[in-house]
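Chain IDs A, B, C and D follow the sequence of writing; residue 1 opens each chain.
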Amino acid sequence: MRERIAFLGRTHVTRTRVRFGETDAAGIVFYPTFFTWFDLGTHGLMRDAGATRDAEGRPVPMLPIVECGAKFSAPLRSDDPIAIHSRVVEIGKSSMRIEHVVRHREHEVGRGFEVRVMVRRDGRRIIPEPIPESVRVGLAENGIATGDDLA
Amino acid sequence: MRERIAFLGRTHVTRTRVRFGETDAAGIVFYPTFFTWFDLGTHGLMRDAGATRDAEGRPVPMLPIVECGAKFSAPLRSDDPIAIHSRVVEIGKSSMRIEHVVRHREHEVGRGFEVRVMVRRDGRRIIPEPIPESVRVGLAENGIATGDDLA
Amino acid sequence: MRERIAFLGRTHVTRTRVRFGETDAAGIVFYPTFFTWFDLGTHGLMRDAGATRDAEGRPVPMLPIVECGAKFSAPLRSDDPIAIHSRVVEIGKSSMRIEHVVRHREHEVGRGFEVRVMVRRDGRRIIPEPIPESVRVGLAENGIATGDDLA
Amino acid sequence: MRERIAFLGRTHVTRTRVRFGETDAAGIVFYPTFFTWFDLGTHGLMRDAGATRDAEGRPVPMLPIVECGAKFSAPLRSDDPIAIHSRVVEIGKSSMRIEHVVRHREHEVGRGFEVRVMVRRDGRRIIPEPIPESVRVGLAENGIATGDDLA
C-alpha cells in the first residue's frame, strides 16, 4: 500500500522572462534560479487552488519542501521568454509531489520536482498535518484523483 | 551649461507579483529586491527602445550603473501585485538617469533612480561611449527631448 | 536643532568573496548585490551590538529601511575577495544612518548608505520606537556619541 | 563498463552564516538558497584544485550543471552558522558528481548533489571536453581514484 497516490492535477502555467540578474558570468541562467521558478509555479498552483491567502487575505506560508531535483537540457539567456508548467503528480495524506517543466519557445529547457509537506509548528517542532480537502479539490483539474496518470 | 539634459522619456510599466523568495524573515520584501525590479524596468525600457539585442538577436550587456538610490514608503508582502513605472528623466552624451516608481494597487510603495553610462571595454579599461542616436530616439516618447520636464 | 546627531560608531568589517551567482551576464557583480552586502554589514554591526537575538536566542527582525543609496567605482568579478566596512554615522531617537564601504585588495570599489528606523507593528500600522540605550551603547566604539565626526 | 567511476576526492568545507536575505516570509531559509551554497562549495573545491583561474588570473566559467537534487531535514534561520562539506564522489571522462552536506552546529540540515560536465562552446553548440588531468589530480585527496568509496 502506498501512502502517495498518483494524481491528475490541473496545470498552472507561469509565463515570464529570464531576468538579467538571474544570469551569471557564464552568460546563462544561474542554475538555482530554476528552483525559484519552481517555487513560483507552486505558488501559482496554490493560488489557483485557493490555498495562498487565509480568510483575512493574508499570505499563508507555503508548504515546506523536503526534497527536490532538476535536470537541465539547454541554456537560457537574459530576456528569453519562458513558461513554467507546474502540476501536482502525486498526493498523500500530508505530502505532495509537484512536477515543473520549463519551456522556451516550445522547447523544454529543464524540468524538476518538489516534494512538499503540509505542517504546523509547535514551537521548534514541526508536525505533519492532513492536506485540507478544499486544497485537494482546488488542485484537481476535475476534482478527480487517479492512479494511472503518474507523469 | 549642463552635460545632462532633462528628457521626457516614454514610460515602461512592468507588471509582476512579489515572489515568495523576494521576502525575508521579517515577512516583507527584502529591500535589495527593489533594485532587481529597477533593473527589470530598465531592461523593459531598453527593449522598447530596441537596445537589448544586437543585429544577430544576442543580448547586449546593459549599460553599467554608477549610482543609484531608493526610498521606501510601505511594506510589500508575497504575492502582492506590483507595477514598476520606469522612465529616463535626464540624458547626457554617455549617461542617463532612470527613475522608477513602484506601485501596489495604485499606491506608491517605493521609488528610486539609477545613473547608467554607455561604455565599451578595452581590456580592463572602461571607456565612455556616446549613447547611439537610435537608442535616444527609442527612449523618447515622441522622439522629443525637453529641458523643462524633469520629473 | 537636528533630530539626528553624528555618531562615531564602531566599524564592523565583513570579509567574504564575490559568489559566482552574484555576477551577471556582463561578467561582473549584479549591482543589487551591493545592497545584500550592506544588509550583511548592518547585521554584523547589530550582532556586535547585541541587537540581533532576543533573550531566548531567536533572531530579531532587522530595523526596516526607509532610504538607501550607492555609488560604484570599479567592477568586481567572481571569486574576488572583498571587505565590507560598516559603521553608524548618524543616530537619532528612532533612526540611524549606516555607511558602507566595499574594498577589494585595499581599493574602494563601491560605497553606500542605509537609513533604518526602529519600529514596532500594531497590525498593519508601523510605529517608530526609540532605539534602546543598550543598542546605542553597543554601536558606539567607546560608548561615545560625538557631533563632529560625520563621515 | 561504467563511464563514471567512484572517486575519493578531497573535501572542501565552506563556513559561512545564513544571510538575512536568504530567508523568506516563513522565517526560514528559502530553499533554492541551498543550491547557491552547493555552487559555492563547488567553486571552493575547484579553487583548491586550481581550476577557477586561467593562466592570466581571470575567472574560468564553471562547469555547466546537467542535474542536481537535494533533501532537507531541518530548517535554518538567519544568522545560523553553517558549514558546507563538498566532495567529488564520481568522475568520468567529461563529467563529475559532487556531493554537498550542509551542517549547522554538527547537525546535518540538508544534503544534495550536482552533476557537472566539462564543455567548450562552438557558437550555440556545446561540446563535452575531457576533464584535464591537472583538475583530476587537484580534486583527489591523495591523487587516488577508487571504486569502493562512493559516499
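The rule is short, and it goes like this: a contact is a pair of C-beta atoms (placed from the backbone, for glycine too) under 8 Å apart; a residue touches a chain by one contact, two chains touch by 3 or more.
From a predicted model like this one, the values you see are computed outputs, not experimental measurements.
A.B. asks: Between C-D and A-D, which chain pair is linked by the larger number of C-beta contacts?
C.D. replies: Of C-D and A-D, more C-beta pairs in contact link A-D.
A.B. asks: For chain C, which other chain has the most distant CA centre?
C.D. replies: Comparing chain centres, A lies farthest from chain C.
A.B. asks: What whole-number Å value describes the gap between the mean CA coordinates of chain B and chain D?
C.D. replies: Result: the chain centres lie 35 Å from each other.
A.B. asks: Chain C to chain D: how many Å between their CA centres?
C.D. replies: Inter-chain centre distance comes to 31 Å.
A.B. asks: Provide the C-alpha centroid distance between chain A and chain D, rounded to the nearest whole angstrom.
C.D. replies: Their C-alpha centroids are separated by 25 Å.
A.B. asks: Quick check on chain B: which residues sit in contact with 2+ other chains?
C.D. replies: Each of 20-21, 25, 27-28, 30, 32, 36, 39, 59, 62, 77-78 in chain B touches at least two other chains.
A.B. asks: Help me check something: in the complex, which residues belonging to chain B touch chain C?
C.D. replies: 25-28, 30-33, 35-36, 39, 59, 61-62, 64-73, 75, 126
A.B. asks: Considering only the defined contacts, which chain D positions touch chain B in the complex?
C.D. replies: 20-21, 23-25, 27-28, 30, 32, 77-78
A.B. asks: Considering only the defined contacts, which chain A positions touch chain B in the complex?
C.D. replies: Result: residues 16, 19-21, 36, 39-40, 43, 47, 52-53, 58-59, 62, 77-79 of chain A touch chain B.
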